[in-house]
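Each chain carries a letter (A, B and C) given by its place in the written order, and its residues are counted from 1.
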């Protein structure tokens, strides 16, 4: 039965991360997703310290707060002229450092040690009484992920056209009066929620991988946004199944195997995608070259 | 401070004769450098207006600042007598082609449909009516056959036409176009100017940032000569003169024939020394 | 806060102190170049990518030495750099996605290998993870020796190849035109980043090493417009952060050196953002106010002047 829960949890993570991940990749903000996944950590620790509970809603709220704070700070520094990549780096490392310090200082209260936080995957083991290796993920995580997925689907679905336009042409969006900044924060808020729901279950490593890799894979497979989102979820779910299977055989970290599976699927798409894959591009080029030499005319 | 040689009372009734665009003292600075200084002018309705100036003169900046896309140090922008923010529905915008990622997973029709988003409000999706209108605009620019083509597969000229179709779909009264003629083939250029004249015929006002001095007289009713500051603004006949151009370009132009205005060696360098 | 000199009196602390300072110095120096090439997050990616390399090196040799790890990390770093470039050049994905893909997949692989090691029969693997996630307090003399050598090497190369690195950071196309082997130089730069990463990872951990590569460089940018000065300042800020981090963390129990060093660097950053001449917030406010005033004044003058000019034209 635990197999079922693990696969379900992983699939829900794939769904949540896959949807928002598509917009991160299209807006060239993949690394902001990475940043948020690191910087929600201090929020969670603070929430635990203040509330004394492991209540999911409290942590969700804290994650949201810190995710939006991260977004705000990154934007602040970008607007003041610092390069975007440096802005991201400064903000998330500072926040993560704060998180690590808090854990170290209050280790006893949070029942954590430094290693656990840094590993991420088993960071919340003690909080949720799990075994190392991720067995027996209780329904609580599933519920949390389910709610998050519904929230993400609802927001993206309702404002689909705004998210699309802001990703494609923010200048026009602003010109016709769409509040681009608002939708930026909304997206990052959803990323924060996806991150913390996934943290609870399977850890930091998986989150970043699941945010970026399946979405990038689907980007190479299709030219339609709707299909891209669907494929992103599909690739994520496939990675979950394949990765979990591998982790059983190899007796290795589940999260690690899932991310590796996602990576392999990406490589497969990179090489084999009929529309954008390397091999088909080469074949097309060769065909074009052959045609032009054959016809003796210059290709336009 | 408006130059007016328009026939009095020629503007649309609904807007009560107010100027489509009145800018007063618009200034933009980037750190210490003034990029736009005290630009003030008023346009007449139903004209095609060319914004001319050397590189770095602030032409794009003026459009973006007027639209509120970049912050200005000062100045006021009125569209038909009201603040621009309240009149966005009356405005159409065609940004520079490079401002967009053409690898985005979408097709030509979809891009054009995006022009309807402003009208649809927060929750509505584009429906059959919008799709039909979008298709219609695509055919106006000769791109109906490319409706479901992925935009990365389009040539520069085709991409520009899709952008124009999107502007048409916005169904605005005042259009801003940023270098629509840049890097397009002759056929597309012809298509664009035909479109502009059609817009003019419909009584719309179009402000175009333009770089090709040779075609200014042909295309535009009025010109706005810009080099950080407004150098001149008025009907092409009287404003697009050798003297004004030399003034705007800081004496860097050479005219092939002093009588005609076939110009060579235009542009280069920004601002006056 | 314990007395600075008391801390230095302890030989153990001395090692850690100097080690962290050197670390900060070399990270700051190499970080300046990655910052200018807009590759700040590559350091973060290489740090994560180093993990599988280090694991494999350990699995193959069974030795837990920084030299072995360096080789493993370097090889992994080379593969990672190649991967990032390949993805960006041969697909429609942009650099941010390429970094994210490489970062997470390599790290995922690393974690898998790590669990292999833990479940397997690899002998003295205790502390491998501590090495990876930062335990400055466990640094001993030999570690610091190695770090010093690596840092010195790094700084020397940067000094020798300053001209070339400067050119390829600013205008690689032009550099190629001049005949420089830009590809080789870029690989060398990446190699130096890997060196800084491996040296630093044992003190501050995988996630935070990125901070030492980015934050001091950004801070330095706020104080100068000249590359040479920026590099020196960046190194100085890095060293300062290392020093402060060690000192403060040694005074309070349970406080790990790594994060405190990062926060020290961040504090320097915040101060730079506020107080930097020309680019700092304070300076910009003053400048803006001045510019606005002069603009408005000139606008009035212009208004009258161009008014005259325009009237003249319509009449003509």
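Assume contacts are C-beta pairs under 8 Å (C-beta built on N, C-alpha and C of every residue); 3 or more make two chains touch, one makes a residue touch a chain.
Treat the numbers as computed from the prediction; the structure is a model and nothing was measured.
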Third chains touching both subunit C and subunit B: A
Pair exhibiting more inter-chain C-beta contacts, A-B or A-C: A-C
Whole-Å gap between the CA centroids of subunit B and subunit C: 43
Computed distance of Cα centres, subunit B from subunit A, in Å: 40
Subunit A and subunit C: spacing of chain centres that average the CA atoms, whole Å: 24
In subunit C, residues with contacts to at least two other chains: 92, 284
Subunit A: positions in contact with at least two other chains: 28, 219
Residues of subunit B whose C-beta touches two or more other chains: 152
Subunit C to subunit B touching residues, read off their complex: 92, 284, 287-288, 291-292, 295-296, 298-299, 302-303, 306-307, 309-310, 313-314, 316
Subunit A contact footprint on subunit B (complex, rising order): 64, 67-69, 85, 88-89, 91, 93, 95, 99-101, 104-107, 111, 114-115, 117-118, 120, 122-123, 125-126, 150, 152, 166, 170
Residue ranges of subunit B in contact with subunit C within the complex: 1, 3, 5, 25, 27, 29, 31-32, 34, 37-38, 40, 73-74, 103, 152, 229-230, 232-234, 238-239
List of subunit A residues in touch with subunit B within their complex: 26, 28, 158-162, 164-165, 167-169, 171-178, 219, 222-225, 227-228
Touching residues (chain side subunit C, partner subunit A) in the complex: 35, 38-41, 43-44, 87, 90-94, 96-97, 99-101, 103-105, 107-116, 119, 129-130, 133-134, 205-208, 210-211, 213-215, 217-218, 221, 254-256, 258-260, 262-263, 266, 269, 273, 279, 281, 284
